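All chains are identified by letter, namely A, B and C, in their written order; residue positions are counted from 1 within each chain.
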Amino acid sequence: MSTNTTPQLGDPAVRPGIEGFLQVKDLRVHFPTDDGVVKSVDGLSFNLERGETLGIVGESGSGKSVTSLSIMGLHPPGTAKISGQVVLNGDSLVGASPEHIRKLRGKKMAMIFQDPLSAMHPYYTVGQQIIEAYRIHNRVSKQIARKHAIDMLDRVGIPQPSSRVDDYPHQFSGGMRQRAMIAMALSCDPELLIADEPTTALDVTVQAQILDLIRDLQQEFNSAVIIITHDLGVVAELADDILVMYAGRGVEYATAHEIFTAPQHPYTWGLLGSMPRLDRERTERLRPIQGTPPSLINVPSGCPFHPRCTYAELNGGASETDRPEFVEISPRHFLACHLSERDRQRVWDNDIKPTL
Amino acid sequence: MLTYIIRRLIGAVILLFVVSAVVFSIFFLVPRLGGATSDDLASRYVGKSAGAEQIHQTAVKLGFTDPIYVQYGRFAKGIVVGQDYNYGPAVEHCPAPCLGYSFITQNPVLPDLLDRLPVTLSLAAGASIIWLVAGVSTGVISALRRGSWLDRSSMTVALAGVSLPIFFTGLLSLSIFSYGLGWTAPGGANPMDATNPLDWAYTMILPWITLAFLFAASYARLTRAGMLETMNEDYIRTARAKGLRERDVVIRHGLRAALTPILTIFGLDLGLLLGGAILTETTFSLPGLGQYAVQAITNNDLPKVLGVTLLGAVFIIMANLVVDLLYAVVDPRVRTQ
Amino acid sequence: MKQKRIMAVASGAVLALGMTACSGGSTTSTATSGSSVAGQNAGVNKVFQPSTVKGGTLRYGLAGDWDSLDPGDTYYGYSFNFVRNYGRTLVVFKSAPGVAGTKLIPDLAKTLGVPSDNAKTWTYKLRDGLKYEDGTPITSADIKYAVARQLDKDTFPNGPTYFNDFLKDVPAGYSVYKDKNLADLKSIETPDPKTIVFHLNKTFSGFDYFAQLPATVPVPVAKDTGAKYKEHVVSSGPYMFDTVQVGKKYTLKRNPNYDPTTDPDSGRLALANNLNVEVGLNAADIDNRLMAGDLDVDVAGSGVQAAAQGKILSNPALKAKTDSAVSQRTWFSVLNPDVPPLNNIECRKAVLLAADKTGYQRAYGGATGGDIATSLLPPVIPGHVAMDLYGAKTNPTGDIAGAKAALAKCGQPNGFATNISYRAERPKEKATAESLQQSLAKVGIALTIKPYPQGDYFKLYAGKPDFAKTNKLGIMVYGWGADWPDGFGFLSQIVDSRTIRASGNTNLGIKIPAVDAALDKALATTDAAARNVIWGDIDKMVMENAAVLPGIWSKGLLFRPANLTNVFVNDGFSMYDYTALGTTKK
């Protein structure tokens, strides 16, 4: 699967409301706490097909990780109130019994985490952990599982897998360790792979290798991949589609190409503008988005981005009162913004595009 | 690994000599600092009406009139080569390692220690298993059900267990369960007199539970704290993400990691206990090393005190060594040195 | 009021139940006066539950341990009591209640000792048919050997030294292990296997008291293993050792070669089949076990611990199962004649009159701790004469007027100041000092309290006359107990001024020449009755001299489990008689 296919108009697979491999519709994840209800995810919708990669982008606290944990059902029971729909290949996950979801974990959907050193148990060898992952869902002998583990390690590109299978996580370098984690996640051939900041803890040089690996494995297994990150460079590499999240909601969704060439949301503009560039004037190199991320307990009324949005006053007060709907503004491009088409185009052409 | 063990063992032997030298010094130097003469020391080991000459004779016989390094040399020689003892009609040879003869009973110390060791071992073995199982499981359940009434009540009971002195709980349990209800053996019952394992357990069940109550309490609190910490670790989330059953997540991943500090403390506690659970043995009148130590100290019986101290030191040193080695077995991250 | 009545009815009912329970257990009465009526002090001066029924196992318990089971190496009162089960001596205290137990009667010997040569030689003739546990006969040579071996204080450091002190010409450092055929010990002669003769280095009328010491328990030479003999003492008494685990447990079973017809006078009954002794027990646990019926006797015989005492005294049912055993011990204070103004007898009398005797008693635990002493000699010592020269009975809280008059007479009308010493580790002595400080202050006698460590009390402080004088220790809190109930045992070491030396004294300052002369006379008086009168006279002289302030004659609260038969306090030992006890538990 290459990254620069222009999606066809009318492709049924990627429209919300239409059946897809993974369907998330109006997902809300609220955490009741002593200080109030934390609305980590407050109305999120997207679709994903096998063989495709979705990149979820946003700041810390935007709800990206909570989304993935909710799909996997990894919130401890009783802590989160989840509503909405999550359908995985026809299997509805929200409201399903924990035991049912547990059986899907590792087998149908798998996750890899940010820090492979803390995410792997320090007392068990990598092989033991992969074998354990495999034998949960497959009744095989230890020898067969071990052979499979060695195969997986080989597949993810770890040299001398038959001896490294008996090494402990701390005996691997950062990049090798992440590969081992990927091997563990993919050991049961899951159809959905969620990668939560898989390269954030790694060196930049290793980053590219890991991303390549994910892409190759996706092709080989034809899995659906969700890659969660705050790094636009990573999604530029890997994602077919990009979902931009802010304050627990999706604010823009489009193909990667369109997000980079024709972004429509002021927040997306801010993200793109804040990427450090060496070809700008020195004093201008860093352009952060003004303001700070909002409290998820007291989410700003109306559009949650309005306190930080330079263009909020163009909407005649709607930004403060009305929550913008996440609507399809052009084929396969969704947006939640009050700005009129004209205002958006004008601002993009005049203020934003020249500066990127 | 082998060189490490050998180095530790050599260090242990040196440490034992240091311990014995310190005990020796305390015994002899401190009274001398207070102005006591060797006859004054000897007056503790004679009858009520002993005259000055008899006291002096005893001082000579017990070696107090020699300089302290000569006395220590005699003791050290006894350990390495053995000692001869004149018990009246004849002389007997006490083979190496000879820990000397009691000043009071004139019996050799090492056979006494070996005779009493099984009682202390019985006490330590049974109690340690009970407290480990009870304490750890209570701690795990409390951690998993944190904040529930189960958690709060078990931690309160744990607080009581840690705070109540054992001579209180021991005498109380004896009154209620042994003399009141007749369910358990009375104080003074010697477990090594039992003819079968069931009898042995019957004799020991009350001391076991009383002693275990004290330790289980702190182990429950430790395990609870450890579990709360480990269950927040990332690898727990990974284990769940793999689809592992919650029971396996808790035990194979959570408890396994939380248990490491527990096991090290367990080893050290066991080592200390083998030196003689003094309070438990005195409360239940168990003829073990702890009771022996109390008698030795009360009677100022240096050879017995030395014997018990050295044996206790051996156990503690061994426990430390085993625990250090075990740590490498349990936590692979430690091994690479 | 209703509650009191209910309590009275309840305790009456309990007592009645107790009585019926007890009377169900006994069978025939013996000749000694006794009954099966349970109640406080049912075993004092009479036998409780007299019985001749044999059988069962007596369970003894001890918080510490024997100094040694070897009769030649022991010095505890309870050991002297218990040893009669596995050893017979030349003469022995009769196994009988109360004062009858202070009488010496012949045991191995046919009669009491025959003195000659002005009581410097003592001869005993043995009975026929005496045997050890293995059937070998007991001869006078065995007794000579027994006494000779315990002279070796190197091998046997614990026992009393009376034989060392009184036998004639004992070589220095004498040991039977160096002198195998006893050739060098000329002071003991055995002209024939049934005769033994002791030669002393001075006149001593009370030698029979030495002859009752366990040192005269015969020891077979062939079986003597020196310091190891205590691991199996060869028995000459009704019981023999079955197992000995030093520091843990001793068990005794019947001695098949003990012939009761050779033992007609001692009163030994040997009712139980087995004796079990557990040592090293927890003292509080012993009391609990006694009260629960799990143990029969606390060997120490000094009474229950404070915790149990509180429980017992407040519970009438338990109180009915106790006996108050008066001991051979007096707690008193010495008035130092070397420290002015106590060198004046009237000033000393003032102290005696002003002191609050009830306060002294309270310091030792009140009436349970002991009776207020009116003289130095305890009542159990034969020869004790009741006297009360200073109104301890009439004015127990002190006679202020009388004291003031005495002060005027000694030239100190407004009182004086002096120091009072006591042993720091003893809370009861501290309470005594404080009580005296309070009561004497009422007549202007100001006391400064001076505690000293008990380990060195006699060597460096109160027992060192120079120190006491320099530091103005006018009153020295003290106490003394006899090794056996006899005036010599009690008085000789505390009133004889000739024993006073530079340090390490047991006589803290009594210097009365008439007393010294009386002591010498007593030692030479072979007639026991006449001798006992002299002890009473000495007591009177000490009191007339106002040399000591008597405190209390101490008592122990003994607990008496219901299953014991033939229970009585033997004043010879001030505890239950361990050779008379039986049990209804099989």
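The definition used in the following text is that contacts are C-beta pairs under 8 Å (C-beta built on N, C-alpha and C of every residue); 3 or more make two chains touch, one makes a residue touch a chain.
No experiment lies behind these values; they were computed from the predicted model shown.
**Student:** Determine, using the mean of C-alpha atoms as each chain's centre, which chain is farthest from chain A.
**Tutor:** In terms of C-alpha centroids, the chain at the greatest distance from chain A is C.
**Student:** Taking each chain's centre as the average of its Cα atoms, which chain lies closest to the overall Cα centroid?
**Tutor:** B
**Student:** Between chain A and chain B, what is the separation of their C-alpha centroids in Å?
**Tutor:** The separation of the two C-alpha centroids amounts to 57 Å.
**Student:** Could you put a whole-Å number on the gap between the CA centroids of chain A and chain C?
**Tutor:** Computed value for the inter-centroid distance: 94 Å.
**Student:** If you average the CA atoms of chain B and of chain C, how many Å lie between those two points?
**Tutor:** So the centre of chain B lies 40 Å away from the centre of chain C.
**Student:** Provide the list of chain C residues touching at least two other chains, using ranges where the numbers run on.
**Tutor:** none
**Student:** Out of chain B, which residues touch more than one other chain, so two or more?
**Tutor:** Correct list: empty.
**Student:** Mind listing the chain B positions that touch chain A in their complex?
**Tutor:** By the definition above, chain B touches chain A via 233-235, 237-246, 253, 256-257, 330-333, 336.
**Student:** Which residues of chain C touch chain B once you look at their complex with the stated criterion?
**Tutor:** Touch list, chain C to chain B: 61, 64-65, 67-68, 75, 149, 152-155, 157-162, 164-165, 173, 175, 177, 224-229, 245-249, 278, 280-282, 284-285, 288-289, 291-292, 294-295, 459, 504.
**Student:** What part of chain A is in contact with chain B in the complex they form?
**Tutor:** 72, 74, 102-107, 110-111, 113, 115, 118-123, 125, 132-133, 136-137, 168, 170-171, 181, 184-185
**Student:** Note which residues of chain B are touching chain C in the complex, please.
**Tutor:** 40, 45-52, 54, 57-58, 61, 87-90, 104-107, 112, 171, 174-175, 178-180, 186-188, 190, 282-285, 287, 291-292, 295
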